[in-house]
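A single structure is presented below for examination.
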Amino acid sequence: MQPIEYADATAEVRAIFDDIKNSRNVPDVNNFWKYLANEPRMLSHVWSSIKDIMGPGGHLDPLVKELIYVAVSVTNSCEYCMASHGAAARKKGATEEMMNELFAIVGIANMTNKLAEAYRVPVDAGLRVPE
Amino acid sequence: MQPIEYADATAEVRAIFDDIKNSRNVPDVNNFWKYLANEPRMLSHVWSSIKDIMGPGGHLDPLVKELIYVAVSVTNSCEYCMASHGAAARKKGATEEMMNELFAIVGIANMTNKLAEAYRVPVDAGLRVPE
Amino acid sequence: MQPIEYADATAEVRAIFDDIKNSRNVPDVNNFWKYLANEPRMLSHVWSSIKDIMGPGGHLDPLVKELIYVAVSVTNSCEYCMASHGAAARKKGATEEMMNELFAIVGIANMTNKLAEAYRVPVDAGLRVPE
Amino acid sequence: MQPIEYADATAEVRAIFDDIKNSRNVPDVNNFWKYLANEPRMLSHVWSSIKDIMGPGGHLDPLVKELIYVAVSVTNSCEYCMASHGAAARKKGATEEMMNELFAIVGIANMTNKLAEAYRVPVDAGLRVPE
Amino acid sequence: MQPIEYADATAEVRAIFDDIKNSRNVPDVNNFWKYLANEPRMLSHVWSSIKDIMGPGGHLDPLVKELIYVAVSVTNSCEYCMASHGAAARKKGATEEMMNELFAIVGIANMTNKLAEAYRVPVDAGLRVPE
Amino acid sequence: MQPIEYADATAEVRAIFDDIKNSRNVPDVNNFWKYLANEPRMLSHVWSSIKDIMGPGGHLDPLVKELIYVAVSVTNSCEYCMASHGAAARKKGATEEMMNELFAIVGIANMTNKLAEAYRVPVDAGLRVPE
C-alpha cells in the first residue's frame, strides 16, 4: 500500500485531512493518516473516535490520555505508535522524567501481570466489591 | 502453589508484608503478595520496585500511575491485575467517567496499533527529531 | 543463524524444498524455509501442516485461509509474516479493497477484544448454547 | 461496572440499542453493548464502525469477516469475543468443519509467526514488490 | 465443540490416542487431545511435532523443554497450558523452588522486553557477531 | 532518549555500571543499560533483580535460565532481547542445535496455546491436583 497525499486524495479524504490539520494546527497529517486513507471508511471512524476521546474535554487530562496511549503502544511493541504518541505526549508537556517514569511503570506492570498469571492468583474478595 | 499467610511466613517475608501493610495502611496484603511470597527474592524485588515507582513522589500523579497500570493490564488481559489496579485507581480518586474514558483510550490505541502495523507505516521524519 | 541454500542442503532438506517448489510452482523457496532448515525436524512438521491445511481441499477457500493467516500475523505484528502472507493473499486474488477491509476488521476486533476484557463482560447465556 | 439495560438507558443509548436490534433482527443486544453503554461515546463509535465494516456490502463475504474476527479473538485469547463471534460465524453459515479448519490455521500461523521472529528472517526481495 | 472420547473416536483418532497413551504411559489422554480430535489433521500434526521435539532425545533435557513450554504459556496467559505443562514439568522433576525461579525469570523477562522496546534500544554491534 | 555513557554518568549510575561490568567480566555495559540509565531507579531495580535471579546459584542452571529468557523474548517478538539473550545463551554454552530446538519448542507452544484457547479446553481434574 502506498500513502495517499492530499493532492491525490478524494474530496471525502481531503475533508478529513483538513479536519485533522485544523484540529491539531499542523501543516500536514502524519503518515498514519495517509496510509489509512486507503480505507476511507476506517479513516473516518478512527479519526472521529480519536477526535472525540483524545481531545480536550472529557474526564482525563489530554497529557494523561497520551501517556496512556504510549503505555498501550509500548506493551504492544508498536514502534510507529510509540514514536507518534511519544512525540504527542512531549508536545503536551511530558518531560523526560515523566516519560522515564511511564516506561518504568509499563515495565513493572508487564512483570506483575505475568507473575499474577503464573501463580493463577485468585481475585481477593475485597477487590470484587466496587465493581 | 498455595498462598503464604502471615502466620506461616518467615521473618523475611513478614517484614515485607509489614512494610506493604504500613505503606498502604491496610490490615492485610492482597493475594498477589501471598502467592509471590513463595519466591521471597521476587517478593522483595517487586515490592521495592512498586514502592519506589508507584508511590507518591516522582513525576506523575499517583492516580495517573494507576491508570497507566490498568491500561497495561487491560492490554494484557490480566484479570487479577485489572481488578486490583482498578480498585486502587478508584481508591485514589478515579471516577466511573474516568475509568470509562480510560477503557475507550485503551480500545482505540489497540485498534490503531494494529492498523499502523498492518500498513507498515514508516515513522515520519518529524517524529524522529525529539528523541 | 544463516539461511541454508539448496546447494548446501542435505538430501532430507532438499526433498522438502523440492516439494515446496513443486506444490507452489516457484523456482526457489522463501527465506522462511531456508532459515527453518536449520532445524530439519521443524522444517518437515511445519511444511506438512501447511501443505495439509493451507492448500486446496478442506473446508475454506484458499484465499480465505490466507486472509485469516494475515489477520493473525497483523495481530502478532510479525512483519515477515505480513509480507509473505500478504503477497500470497494477493496472488490468490485478494484485491486492495479486500486487504483494506481485512485491516479494518483486524483493527476493530483488537479494539473490541480489549473493551470486552476491560469491562469483564460475562458471556451471554444464549451464546453458550451452540458449543 | 454494571451493564445498562434498555429500561435504564438514556434516549441516546436506546437509539443505538434499537439500531443494533433492528440491524441484526434480535430481541435484545448482547452483554457487550450493555457494558459499553457506560461510555456512550464509544458505544456510538464502536457500533458505527462495526455496522459499516462487518455488515453486508463491502468487499469480503460476511461469513469471511466473522472468521477473521474469530481468528483475531483467538490470537488475543478473548473468551467473550470467541464466544460471541464464534456464534455469529455459525449463524452466518460456518460449519464445524470450517471452524476446526479456522482454528488449525490460527494455531499454525501463531507457530510460524514466532519461528519467523526467532530466526529474524529477512523479508525476501520478491515479497517487497507488490506493496 | 465437544471433546471426543475414545469410545466415540474414529480408528484414525484412536490410533493417535493409543500412541499418546503408550508414549506417556497414561490411562487416558488429556482434554486437549480430545478437543483437538475434532480436527483429526491437526491432532496428527500437533502430536507428531510434540512427540518428535518434546520427548527424550534431541539436544535439551526433557525437563528443560517443559520449563520452556511453561514460560511461553505464562507469557501468553494460557491457563490450560500452564496447568498441563506445569504438571508435566513437576512430573519430570521440577521442584517448587525451580517453578518459582522460572516464574521470576518470566516476570523479569517480560519487564525488560518492554523496557527495551520503550527505549527503542539499538542492538549492540557486538551482539550481531555470532549470528 | 539518548544512551548514557559511563563518562557522562552520575556516581550512582557509574556504580551500577561498574557492578555489571565486574559481575559479567565485560569492558562495557550493553546498550540496554545505557538507555535504562535515563531512569536510575529502574536501572537499580532491574539490575538487582537480574543479578539475583539470573546469576549462578539458585535452582536452575544459568544456561537454562537464559534459554527461558530467550523463549519469552521470542514470544514477545522483542528483537533486542532475542539478540542479547541469544548471545548470552551461546556464551553460556548453548549450541546451534540447542537454539534450534528451543525455537521449535517456542513455535509449538505458541501453536498449542492458541488451540487450547480456541477450543476453550477445560482443565483436566487430574491437572488440578498438585497445585
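Each chain carries a letter (A, B, C, D, E and F) given by its place in the written order, and its residues are counted from 1.
Heads up, the rule we're going with is that contacts are C-beta pairs under 8 Å (C-beta built on N, C-alpha and C of every residue); 3 or more make two chains touch, one makes a residue touch a chain.
Every value quoted in this text rests on a predicted model; they were computed, and no experiment measured them.
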Set of chains whose contacts include both chain E and chain B: A, C, D, F
Which listed pair, D-F, C-F or B-E, duplicates the contacts of A-E in over half of its pairs: D-F
Interface residue identity across copies chain B, chain D - same or different by half: different
Distance-maximising chain from chain C - centres being C-alpha averages: B
Per Cα centroids, the chain farthest from chain E: A
Length of the line joining the C-alpha centres of chain B and chain C, rounded to whole Å: 34
Between chain D and chain E, centroid-to-centroid distance (C-alpha), Å: 28
Distance between the centres, which are taken as Cα means, of chain F and chain B, whole angstrom: 21
Numbers and ranges of chain A residues touching at least 2 other chains: 1, 38, 41-42, 46, 49, 53, 75-79, 100-101, 103-104, 106-108, 110-113, 115, 117, 119-120, 131
Complex contact set, residues of chain C against chain E: 1-2, 41-42, 45, 48-49, 52-53, 131
Of chain A, residues touching chain B in the complex: 1, 3, 30-32, 35-36, 38, 42, 46, 49-50, 53-54, 58-60, 64-65, 67-69, 71-73, 75-76, 78-81, 83-87, 90, 95, 97-98, 100-102, 104-106, 108-113, 115-117, 119, 121-124, 126-131
Interfacial residue positions of chain C with respect to chain B in the complex: 74-75, 77, 79, 82, 103, 106-108, 110-115, 117-120
Complex interface listing, chain D residues touching chain E: 77, 96, 99-101, 103-104, 107, 120
Residues of chain E defined as touching chain D within the complex: 1, 38-39, 41-42, 46, 76-78, 131
